[in-house]
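Below: a set of structures, written as structure tokens.
Here come two complexes built around subunit A, the first alongside subunit B, the second alongside subunit C.
This part shows the complex of A and B:
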């Protein structure tokens, strides 16, 4: 098999497993792993939003939790305070997070490297404290919970709602899947290649006529949209929003997930997020200092596998794979770096 | 002045100060279409600074720059590129983590527009054709899928010229294109530049005087941030002021 075929089959297996998880997981391990799995997929979107910026445009953001929080509060405030239905609340969450990323991005992407990282932290802190102190709207410390509005109603009392665990699971994987498809399509487009030129060499990018500012801003807004979708899904998942998810600690965790999974690979964040959340679920009850182990893993990955697990996977696949017969035109979606 | 044809590049009274230091102290120069112009001068003469000001990387302190009759003094780097002014850098600048073909492809696609998030890169015919054409023209086809980071120095230099050409420039600025090359690479690159000069206007900064006198139609001599002289190679080689200031009449 060629590397491309191996990756394609890997993706098919992963998709099949995801589709069948509610049936498979309870057979082998506890049923609550279905919930954990959907939670992992939601969080992987936050890591994917970090990865889109860091892995493809070269901007390291420590503030993506801000957009996660906007998506989360958009849904919770929409349902609990404004009495919105399911879809309008989802829309509100996504519009709020995307608008916030356009606003924050317009200022932040003028900077690069540590200045950029710092301003993203500052932005998320400002809104974290705003959310914490604006009690009547956000519930402050206690957060804001709501009861699930139905997705769809018909006839007398027919309704489709996330209160049904099966509906909830398939709704979440559909939305998460759509986000990855969206990113995959963008990364294979001229815009995706423009992202990479900015990561590789911003000066050369502007010398060939690319508007680096606009490209960075576009990536920042797409990343804000993805993080906002994650937050909105997470609010529906927990029927709850809380400022604690906007803290920069959450942003930092997403950076770790993205780097361990492999920055610059489309699905690396899923792997990194799943692995570390599993570790957390399994170890945190046994050993309260489990974060020490996470720290060791991060150091090992950064030192010995700087391209993360995604990079290790591609290295392995290229070793076992036959070279593609049409190597001249082979250009898969994953980046080599 | 009375000439009916506009020079492709017109530089008037351009100054560039860094703090108290005047890197450019009032440069007046013009580049005529149809000629290969060389800029020579000792280190610190302001040659690269002049390129930086012309391409929008540094804003001039005073003065004006016109490209094909259009004022570009305040234009940004990407706007100037889009008008048809391309350049290579003294320290070779390519997209290292991308393959040779991807380097050429994105430069070509920049002319077709990159804000097309839902169009597959593979279906961008114009950029595909131009990238493949350039691979052939520059004899880089066998390296098409190599990452630029793995190329030899000479091939990187060639790729950088290819990237510039992919943007279909009307004027190409080359900053020491053969600096650091061995004899064979130099010969190949010089031949390429001569060939290109048949169809695009080129301005070249070069220290190798032999090469300069061999390929250029017009020479601008700079020293201490100003233009010392301008003329044909014969005129420049006879110019006493240039000889003492730069060509080293009485010292090695």
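This part shows the complex of A and C:
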């Protein structure tokens, strides 16, 4: 098999597993792993938004929790304070996070590298402290919980709601799946190649006529949308929103997940997020200070596999696989899957 | 009015301590190109070690001598184990130091415990100052910070190692070609950075609480000072730290502390957007 075929089959297997997880997982391990699996997928979107910016456009954002928080509060405030239904609340969360990313991005992408990383932290801190002190609206530290509105009602008492775990699971994987498809489509399009051009050399990109500012801003807004979707799903998932999810530690964790998974690969963030959340779930019951081990693993990955697990995977696949018939070059495969 | 003066004074004292910590961050950034997310935790380790020295010997003064030395050793060790392998990859430095931050916080939580505690200041007297009774220890803390900062600048400009540090920062390749052991300079710089943060922890110990999460609050403040002062501009870092803390202190006298924090964050974004190379850019480099 060629490397591309291996990756394709891997993707198919992963999709099948995700579809069947609520049936398979309870057979082997505890049913609560289905919940954890959906939580992993939600968080992986946050890591994916970091990855889109860092892995493809070369902008290291340390403030994606801001847009996550906007999506989360959009949903929670929409339901709890404004009395909105399911879909309008979801819409509010996404509109808020996208609008915020357009505003923050318009200012932030004028800067690059260290300055960009720091201004994104600063923006997210400003709104973190705002959310913390604006208690009547956000609930501050205690957070804001709400009861789940139905997705769809019909007849006398027919309704479809996320209170049914099966509905919730398939709703979450549909939304997460759509986000990954959207990213996949964008990255394969000319816009996606423009992203990579800017990442490799912004100066040359502008010399061949690309509008670097606009390309960076577009990427920032798409990433904000993805992070906002993650936040909105997370609010529905926990029926809860809290300022603590907007702190810079959450952004930092997303960066770690993305880089451990492999920056610049579409599914790397899923792998990185799943691995670290699984570690957390498994180890936290066994050893109170499991975070020590997490820290050590993070450092080991950075030192020994700087391209992350995605990079290791591609190295392995390229070793095992036959070269592709047209053998463009091995590097072509690095951006795929 | 007394409140404004008191909080303004506290702001300046706190600003001088932050300047000491941020200076460590700034040299690590300027020389090694490492964005050190764990720097706040270096400070936190300093406060905890100071607490340990005080608990062990009953003498807080000893901490001023011992803790920076332990910090220097820890810094040299960490540079060898974590920073050297990822040299030339600044993006990875953020992730690696994030891992380091987790390790430091968790090891303190495992040994010292999760409950914050307070240290009593070794000087408990107050003196009248501008019509209010001011704690002498805070003045002493400011004095120690100033002495340490001045000592560092003398070290940087008057000793061989300091000259080497400036040379490596200016042009690592030429410096290496001239026979300067660049790797050792990197290691010592990182160790000095840790030692300065740890000394900041000892000085600040009796003013703040000893807590494994103390670094999380200090870190953004230090970064703000480094950025507003101009990345790599050491004198600018010191000035910016004092100004920021004074500004927050005065703000805190008529708004709540969170509002004051939001105010200084907004100020910082303005600086970043209008003068990304710091408010003192063009002065020195």
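Criterion: the second predicted complex is superposed on the first by the 328 of 337 C-alpha atoms of A that agree within 3 Å, B and C clash if a C-alpha of one lies under 4 Å from a C-alpha of the other, contacts with A are read in each partner's own complex, and residues count from 1 in each chain.
Assume a contact is a pair of C-beta atoms (placed from the backbone, for glycine too) under 8 Å apart; a residue touches a chain by one contact, two chains touch by 3 or more.
Bear in mind that the values here come from a model prediction, so they are computed numbers and not experimental data.
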- Specify the outcome, clash or fit, for subunit B and subunit C once both structures are aligned onto subunit A. fit
- Item | Three-chain overlay, vertex subunit A: subunit B-subunit C angle, C-alpha, nearest 10 degrees | 80
- Does subunit B (first) or subunit C (second) touch A:60, or do both, or does neither? second
- Can A:193 be said to touch subunit B (first), subunit C (second), both, or neither? first
- Query: Does subunit B (first) or subunit C (second) touch A:27, or do both, or does neither?
  - Reply: neither
- Query: If you stack the two complexes on chain A, which partner ends up touching A:208: first (subunit B), second (subunit C), both, or neither?
  - Reply: first
- Message: A:299 in the overlay: touching subunit B, subunit C, both, or neither? Say first, second, both or neither.
- Response: second
- Task: Return first, second, both or neither, reflecting whether A:218 touches subunit B, subunit C, both chains, or no partner chain.
- Result: first
- Task: Based on the superposed arrangement, let me know which partner A:129 touches: subunit B (first), subunit C (second), both, or neither?
- Result: second
- Minimum Cα separation, subunit C to subunit B, after superposition on A (Å): 10
- Query: Overlap of the subunit B and subunit C footprints on subunit A, residue-wise?
  - Reply: none
- State the interface residues of subunit C toward subunit A in the complex, per the touch definition above. 35, 37, 82, 85-86, 89-92, 94-96, 98-103, 105-107, 109-110, 216, 220, 223-224, 227, 231, 256, 258-259, 261-262, 265-266, 268-269, 272-273, 276
- Given the complex, residues on subunit A that touch subunit B span 185-186, 188-194, 196-197, 199-201, 203-212, 214-215, 218, 327-328, 330-331, 335-337
- Message: Per the contact definition, I'd like the list of subunit A residues that touch subunit C in the complex.
- Response: 54, 60, 62, 107, 110-111, 114-115, 117-119, 121-123, 125-126, 129-130, 132-133, 248-249, 252, 255-256, 259-260, 288-289, 291-292, 294-299, 302-303, 306
- Task: Could you pull out which subunit B residues touch subunit A in their complex?
- Result: 55, 57, 76-78, 81-82, 86-87, 89, 93-98, 102, 105-107, 109-122, 124, 127, 144-145, 147, 163-164, 166-167
